[in-house]
Amino acid sequence: MTIEKWDRLTNVPLFILSVLFLAAYSWQILKGTYLTACFVIINVVWAIYGIDYLVSLFLAPDKWKWFKQNLILLVTLILPVFRPLRLLRFVAMLQIFNRSTGSATRGRITMYATCAVTLLIYVGALAEYSAEHTAPGATITSFPLALWWAFVTVTTVGYGDVCPVTPEGRCVAVGLMMTGIALIGIVSAMISSWIIDQVDARSSVQAAKTQQ
Amino acid sequence: MTIEKWDRLTNVPLFILSVLFLAAYSWQILKGTYLTACFVIINVVWAIYGIDYLVSLFLAPDKWKWFKQNLILLVTLILPVFRPLRLLRFVAMLQIFNRSTGSATRGRITMYATCAVTLLIYVGALAEYSAEHTAPGATITSFPLALWWAFVTVTTVGYGDVCPVTPEGRCVAVGLMMTGIALIGIVSAMISSWIIDQVDARSSVQAAKTQQ
Amino acid sequence: MTIEKWDRLTNVPLFILSVLFLAAYSWQILKGTYLTACFVIINVVWAIYGIDYLVSLFLAPDKWKWFKQNLILLVTLILPVFRPLRLLRFVAMLQIFNRSTGSATRGRITMYATCAVTLLIYVGALAEYSAEHTAPGATITSFPLALWWAFVTVTTVGYGDVCPVTPEGRCVAVGLMMTGIALIGIVSAMISSWIIDQVDARSSVQAAKTQQ
Amino acid sequence: MTIEKWDRLTNVPLFILSVLFLAAYSWQILKGTYLTACFVIINVVWAIYGIDYLVSLFLAPDKWKWFKQNLILLVTLILPVFRPLRLLRFVAMLQIFNRSTGSATRGRITMYATCAVTLLIYVGALAEYSAEHTAPGATITSFPLALWWAFVTVTTVGYGDVCPVTPEGRCVAVGLMMTGIALIGIVSAMISSWIIDQVDARSSVQAAKTQQ
């Protein structure tokens, strides 16, 4: 069996497991009930991720190259805080926009970035709420407040009406700030690419008119 | 009757109705008098919007395609908070800058973006004032303060001297923050496109000189 | 006499007058002494600006076109708050960087932008200090604090430890915030243009190597 | 001996000395023990830097040109606060990414920028902590807080929960804010360049398909 075939076979089940993982992770933090069930789901999914990692590594023709190319996968496997980010891998599966060439590439990148940022805001708010809400002197004391804080942070507005006070919460915050810088970069780049296309298209039309 | 003809016929009346809508919406929030008159104007304009939507859908050759392309129109129709944004559609009508090709495209985008951001700041400040000024513990207690807050938010400066405390106010804030990210993106892209043109123009001049 | 000749003749004297103007404007706000002398200098320079404007308009071959192209000049003439910005016109005179084509254009734009932003920060801090330092509840109570506030605002960081409370101060703040957005845009665009050149240069080198 | 040979010979020893310098500088501020040893290391390294500067200037074929091109080197030599930034010079030595042309250039710039920003955040936090922690009314009273403040500043989020109050601390802050603007610019430019490549690649693929 090749690694491509394994990937194709496991893609949908792993995506469903990731959604299940995120649901259990969210429930555990937001509701705080059925903790054993959540714990089981989270760890079973995590174990399956580990098996998938080992099988993929075994099936790869050049194991060392695959290992280097999938370092991030290993990181999301080892560090619990990054596990929900596995879902980002499946965003690429959704291919909706498929019109002309230039706009198709931009459409796909826009969609991927939107899904990724939305997911990062949600997971960031969850992790922040989990880290902060019981800390002494905390201002992020509810999940809606954590969501509000995540939006304020990711857009780099940073009012400072609520902000993290624990070391864990501040690490999550740094992650969201970097997402914010990336977001500004992606939006700028996307509009740049679009404007360059527009200016070129107009120039071509004008040139065609002049030639007639 | 074709949809293009309908569009051409209804463009100016719908623009005037949109201005009337914004005036009634502003008056209702800022003055709080003639509430019945404002209510009538807002709802009549809304009903006319609905009729225009249905007629356009009926006239469209490919109804499903038109429906997909005008989803945003449906959103501005259904959600009251987005209705003032209908005015953005008419900004495209104003075509002032018409010099050379590259700068003409940039000129039109600049003008459109400036009008759109100005309108969004104004409508955002209105909606924010409406949502916040009666809330307990609110800091945005007057329309000038709401305007100041809108500028601070849209430029992503975010001093935090005044900031929203109600869920509705925070939703409006998230909208303005996103506008801010888009604004940074547009300004970056515009200057990028202009600089690339400048560098190319200089290179051409230099090349021409060298060839002589 | 043509308008080009008039421009060439008046360029240096007007630049010196602008520096004098800025000195008098700064002295008046920061020291508050010799107010009559400052008042005289400011108004005499302003009158000379007005005469220059009228003479230029008289000498222009197409008066209406010149008027449209120099609307900003008229604005800096009429509104006192924009008068120090006249100095921006003279930044273009300093032409230092003159190496290769692409980098020369970027060099000139970088230098112009640096001078413009520095001048805007200084004038913004001056105007802010002038508007705020006597207001009740003001936090910007000294010129160093106003400078600190100007840097915090122009980089869109916006700590909020000091921020304007008067309507005039807030107008100046909005101006500096917009300068900040423009600054981010210029820096992004400049680095974009530079990176595109780098990637192209490397590609050419690589292509040349491959062809051999 | 040529200047290229001198550079090649001194590169590794100077890099090691720079790391030693940063270690002594950090130890001095963070631990406050072995102050004499730190003082000796810092000043010996500084003296060696000075000797390297003079030897390089002596070996340069065109001394005046070398002097102009290495003004920043002189600045890092004279102003103590900029000395740790010497390490930036050695980041260029690490050349890891070397795949295709376009992505290789971007890879190298990304790596350089990441190292530079990381170093600037660390050194900025050190300098900030050193300047602030004993000031009356200071909020940046520990090194972790200074690091948190540095991240909040460099991403231009600026919560304002901790912010500098001393003139020195504010100068360091302005430096970090400018780093932040540059960071946004680099990220935007990098993603722009990448997207333009992606769109071009897709267009080529599409064009090839159409021709068949």
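Labels A, B, C and D are assigned to the chains in the order they are written; within every chain, residues are numbered from 1.
FYI, a residue touches a chain if its C-beta (ideal position, glycine included) is under 8 Å from a C-beta of that chain, and two chains touch if they have at least 3 such contacts.
What you see is a predicted model, and the numbers here were worked out from it, not measured in a lab.
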Fraction-based call for chain D against chain A, same above half, different below: different
Selected from C-D, B-D or A-C, interface repeating B-C by over half of its contact pairs: C-D
Between A-B and B-D, the pair with more C-beta contacts: A-B
Chain whose mean Cα position lies farthest from chain A: C
Rounded Å distance between chain A and chain B, as computed from the means of their C-alpha atoms: 29
Gap in Å, rounded to a whole number, between the CA centres of chain D and chain B: 41
Chain A, residues touching no fewer than two other chains: 156-160, 184, 188, 190, 192, 196
Of all residues in chain B, those that touch chain A in their complex: 101-102, 104-106, 109, 153, 156-160, 163, 167, 170, 173-174, 177-178, 180-182, 184-186, 188-190, 192-193, 196-197
Residue numbers on chain B that touch chain C, as the complex places them: 144, 148, 151-152, 155-161, 183-184, 187-188, 190-192, 194-196, 198-199, 202-203, 206
Complex contacts: residues of chain A adjacent to chain C: 156, 158-160, 188, 192
